[in-house]
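Pasting the structures in now, so scroll down.
Two complexes, one shared chain (chain A), two partners (chain B, chain C).
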Partner chain A sequence: MRAKRTALNTVKYLILIILSIVSVFPFFFMIVGMTNNSVAITGGSLHFGSLLADNFKHLFASELDFVGSLKNSAIIAVVTTAVALCLSSLAGYGFEIYKTRRSENIFNFLLLSMMVPFAALMIPLYRMFSKLSGTPFQIFGVNSFYAVIIPTMTTAFLIFFFRQNAKSFPKELVESARLDGLSEFQIFTHIYMPVSKNAYSAAAIITFMTSWNNYLWPLVVLQSPEKRTVPLVLSAMGASYTPDYGMMMCGIVLSTIPTALLFFFMQKNFVQGMLGSVKG
Partner chain B sequence: MKKFRFKRLLLAAAAVTATVLLAACSSSKGSSSSSTSKDNKTLTVWCWDETYNTPAVKDAIKQYKKENGKQKVKVVTMAQDDIVQKLNTVLSSGGSKGLPNIVLIEDYRIQSYLKAYPDAFADLSSISKKGNFSSYKSAVNTVDGKTYGVPFDSGVAGLFYRTDLIKQAGYTDADMQNLTWDKYIEIGKQVKAKTGKAMLSLDPSDLGLIRIMMQSAGSWYTKSDGKTVNIQNNTALKQSISLYKQMMDAGIVEKVSGWDAGVAAVQKGQVASAPTGAWYSSTIQGAKDQSGKWKIAQIPRISENSKSVNASSIGGGGWYVIKGVGNVAGAKDFLGKTFASSPALIDQLAKDIGAVGTLKDAKSGANYKAAYPFYSNQKVFEDLLSWSNKVPEVNYGSSTYQIEDVMKDPVQSILKGQNINTVLKNAQAQAESAVQ
Partner chain C sequence: MKAKKSRLQKSGWPFFTPSVIIISITVFIPMIQALITSFQSGPPTNMQFTGLANYQAMLHDATFKSAATNTFLYLIVQVPIMIFLALIISTLLNDHRLRFRGLFRTAIFLPCITSLVSYSLLMKTIFAPTGIVNKLLLDVHLIGARIQWLTDPFWAKVLIIFSITWRWTGYNMIFFLSGLQNISDEIYEAAEIDGSSKVHTFFHITIPMLKPIILFTTITSTIGTLQLFDEVNNITKGGPGNATTTLSQYIYNLSYKYTPNFGYAAAVSFVIVVAIVILTVIQMRLGRDDK
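Let's look at the complex of A and B:
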């Protein structure tokens, strides 16, 4: 019996070890790549080289302005995350707490919008934003950060996510708060929000990551080079007959750090949030 | 207590949001006036590759200043796929807002833009004179007799080869001139037998070599109207694919996956030759230890095809002006004084980025007359430019890449031994529905 269990465990761990090697290897290759030149990287070298400082120097000296793009990405990701959390949680909470037949219909319609791929929306969206030029709303038009942020500010997914969370939120709390004389908005800010901290963390990680990695829409809507976000700059670096992979690896590692950090700090909340826990 | 902390956090978040929103707002205000307005004097140029096309535009700007040009010009580097994506989205949304004044477009793609958005591009006939450039370039940028582009780099194909390995196999430089592909394969077998090295590296999913062979016979995936799919009864294509298969079967090919692996094979000295575009030169020169061991010969021809010549092309691009962005006159002035007419600039580009021009007058430039130690003192630019002038004219049509996507699987089936006629018959039908 015991022998059988040990054997089973060995197999289990073997599989886990293999899987973890498979998932860690790209990161390892990326970090080794930071210290090598293009020839070594394309040759598949797994030895640490001595070019780390050079690669970083090239990265910061590159005319593609990597540092500027980090700044742009940070502004866009932080604003998107903050706004998206506020709006989507309000919406999700509202759909659950003030349920009517009509609101249910609207909600279902909203869910349908998840089925439309972004590629199909892109051209009409671009048209809308480009029509803003010449109107008083010009600052929201193409080539502004607003144009990147606004379409991603609320997503059906996030609203759905917060609604699911609000479902497990005890309605008795709302009722007793009403009796205690709190206004509806206060119930949301004083009771629902603190209790749903984990949901907020999970949503924050997801939104931040999506926004940080967003490629297609910023690519299309941002024009001036000084407004480019990190993925756009990395893409421009790679498009060369003789790309400098060492420099790119440094850029990629740097651009991975913010999401990695966010995830590490909020990991515990994230897992609980995804499980829909309401323990504050 | 916990609740209180959370509230403070929220407040902080709100404060950050507000500040950032304000900052974003002010910064976007600041630059929107400088980069989007139509009467702006600064011309914007989009191109890809920071080590190739971008320095080319910078050289052009210097040249333009020497000619006392009045326009200010700014260059923006982007991935080629990104440029394509942006052009597609913006042009199909019915405008041109946000596009640059001048954009670099690959020869294989331009016809589809000119056909789909006929009013988007400015007529450059007045500055881009047909007779001044390699003639195959004008087949690419002309619609209804009007020229829409200024040709830039030549994609003229050459056979880069290692003199030392060829010698070991028992051949001389003279043997490498005016080759046929049959002879090339024969030499390859000797190279393999005597040196153990492959004759060339090929990525089976990249059909560039087949394109080179086809164009050497003046043929393409589509007929000369650029629309009618021409696969099933295309003799040159059939001959090219069977040569491709012969190479694979002869065991002279180092199979690689992806562009980088091909580069690595050359730089590590694993292959004796590389039949490819002139732009490959700077990549090969990355292997400094192989200096003096390389030479470039004309690309081989298809012996069974009487139309096939020892000249072909792969890649290459041209400059196009987008009408709706405004300041067309300024953009024409810039291109007219630089890429369209200046042999001095084209000569400079040979030195700075190793680009072979398509401007015929460039052949008298110092760098075109120079002998290059890396290539065993061959006058490579002079040779490449003279071959460029012999490349057969081909209309690439609007769907080269779509058809090539269709062609990848059929070519694999043929390599595995299926009957070429049946496979191509099916491919014809598939390609026809793909380009509908």
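Let's look at the complex of A and C:
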């Protein structure tokens, strides 16, 4: 019995160690890659080279304007996250606290939008935004950051997420706040928002990452090179005839740092926030 | 209570109306437009109604057929592997006696922090013909000759499936881990006392208790895989030939790469819509079955 248990334990650790190595190895490889040239990287070198500074120099001097794309991505991701958190938490809270038969129907209908593939929306959305050119709303049209942000400003998934979270929000709090004379909106901002920090953190991580990673829609809607976001610039680097792999690895690492930091500082809130939403 | 509630019913509208309007404009209206477009043909500036012509054309379109076959292949191979792997990992990690738990969890979760384009390029580099994976496999004599991961129709598909699994297993694991924390240890202890084997416990306690979460992750993964674009476009560009291309990539190519054919592209996109609806309904039925 004892021998069997030890054997089982060994297998367990072995599985976890192998999976951990497979998960982490590409990260190690990309960090080594930052210090090497293209030949060494595509030749599978695992030795640190001495080209780190050169690779970064190339990246910052690249005609693809990586630095500009970092700025563009940051603006888009921060604005999207801020707006999406406001709109979807309001909606999720509203659907849960003021439940009526009609609002339930609307909510269920909204959920259907999660099943709509983006590929089906891409063409009509593109045509919708291009129709704006020549109108007073031109600034919102194709090739603007607004056009990237608007379709991701609020999503059924986030509304669902906040609604699940609001389910565990004690209704007595709402009642007593009403007796204290708070308006419905004040109850939301003064009572619900402060106690839902974990949900907001989790939603912020998801939204920021989705926006930071967004590739297909910006690829369609942003046309001028100076508007390109990080995924578009990296993709262009990879697709060039002779990619500079050392430079590309530096770009990949820089593109990963914001989401990595977000995760490690908010990991606990993220798991708790997720827990609160999946449970319901 | 009921009377009180109806007095306050109206106050919900200011909260959710903005979202309802935005989602209607950015999802529901475009969806209807796409449906109308799918019955039209011609250049984008002068489209004419041609009935079901686009849908009939799909039946004789070899590229469409390989895109559809590949997409469903990724779905039926990748999603089950990933969900099962995530379940096993989270079960292993849910053991309090396990050492280095946090370390393992962080390591396996790490791939989720990469952006889709970034990790695709990374995979493309690692699996280059002379790259590190081939080198390591040759060194341990697992293979006799280099595998052409990017240009062999079979191995390119394997690479795409491996890449998606690498990126998303840890993400699904997080959901299962949080679900497992809700199952009380007493149930497991009782099972152990009753002499239930680990495997038996996994299939008869863990999986049934996690059913709602398994359902959630399976549906979201299915919807995600049916829309696969970023990875294929950046790792293999859909090649060799059309060996790894997906429906989403074909729609993109039809709309923006080749001479724009919005009508046909819209018709292809409805294949994804129909597939998602059918699969979601089936999965929800299966999920509810024995409740």
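Here is the rule we go by: the second predicted complex is superposed on the first by the 268 of 280 C-alpha atoms of A that agree within 3 Å, B and C clash if a C-alpha of one lies under 4 Å from a C-alpha of the other, contacts with A are read in each partner's own complex, and residues count from 1 in each chain.
Rule of thumb we're sticking to: a contact is a pair of C-beta atoms (placed from the backbone, for glycine too) under 8 Å apart; a residue touches a chain by one contact, two chains touch by 3 or more.
Just so it is clear, the model here is predicted, and its values are computed rather than measured.
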Q.
Let's test your reading of the overlay: on chain A, do chain B and chain C clash or fit side by side?
A. clash
(Q) Output check: A:194 vs chain B and chain C. Expected answer is one of first, second, both, neither. What do you get? (A) first
Q) Of the partners chain B and chain C, which touch A:173 in the superposed model: first, second, both, neither? A) neither
(Q) Touch test for A:111: chain B only (first), chain C only (second), both, or neither? (A) neither
**Q.** Which partner, chain B or chain C, touches more chain A residues
**A.** C
**Q.** Partner chain in contact with A:238 - chain B first, chain C second, else both or neither
**A.** both
Q. So, does A:122 touch the first partner chain B, the second partner chain C, both, or neither?
A. both
(Q) According to the stated criteria, A:31 is in contact with first (chain B), second (chain C), both, or neither; which is it? (A) neither
Q: Scan A:43 for contacts with chain B and chain C and give back first, second, both or neither.
A: both
Q: Using the superposition on chain A described above, determine whether A:87 touches chain B (first), chain C (second), both, or neither.
A: second
Q: Report for A:225: first if it touches chain B alone, second if chain C alone, otherwise both or neither.
A: first
Q | Listed stretches 184-192, 256-264 or 274-282 of chain C, narrowed to the one that overlaps chain B | A | 256-264
Q | chain A residues contacted in one complex by chain B, in the other by chain C | A | 42-44, 122-124, 126-127, 216, 219-220, 235, 237-239
Q: Could you please specify the touching residues of chain C with respect to chain A in the complex?
A: 6, 8-16, 18-20, 22-23, 26-31, 33-34, 37, 44, 88-89, 92-93, 98, 103-104, 107-126, 128, 130-136, 166, 170, 174-175, 177-179, 181-182, 198, 212-213, 216, 223, 226-227, 229-230, 233-234, 237, 247-248, 251-252, 255-256, 262, 265-266, 269-270, 272-273, 276-277, 280
Q: Could you please specify the touching residues of chain B with respect to chain A in the complex?
A: 2-3, 6-7, 10, 13-14, 16-17, 20-21, 23-25, 27-29, 31-32, 35-36, 48-52, 54, 76-82, 85-86, 89-90, 92-95, 97-98, 260-261, 263-264, 267-268, 279-280, 282-283, 286
Q: Give every residue of chain A touching chain C within the complex, in rising order.
A: 8, 12, 15-16, 19-20, 22-24, 26-27, 29-30, 33, 41-46, 87-88, 90-91, 93-95, 97-100, 103, 106-107, 110, 113-128, 150-151, 153-156, 159, 184-185, 188, 209, 212-213, 215-216, 219-220, 230-231, 234-235, 237-239, 245, 248-249, 252, 255-256, 259-260, 263, 271, 274-275, 278-279
Q) Once bound in the complex, which stretches of chain A touch chain B? A) 38-39, 42-44, 62-64, 75, 78-79, 82-83, 122-124, 126-127, 130, 133, 138-139, 141-146, 189-190, 193-194, 197, 216, 219-221, 223-227, 232, 235-242, 244, 280
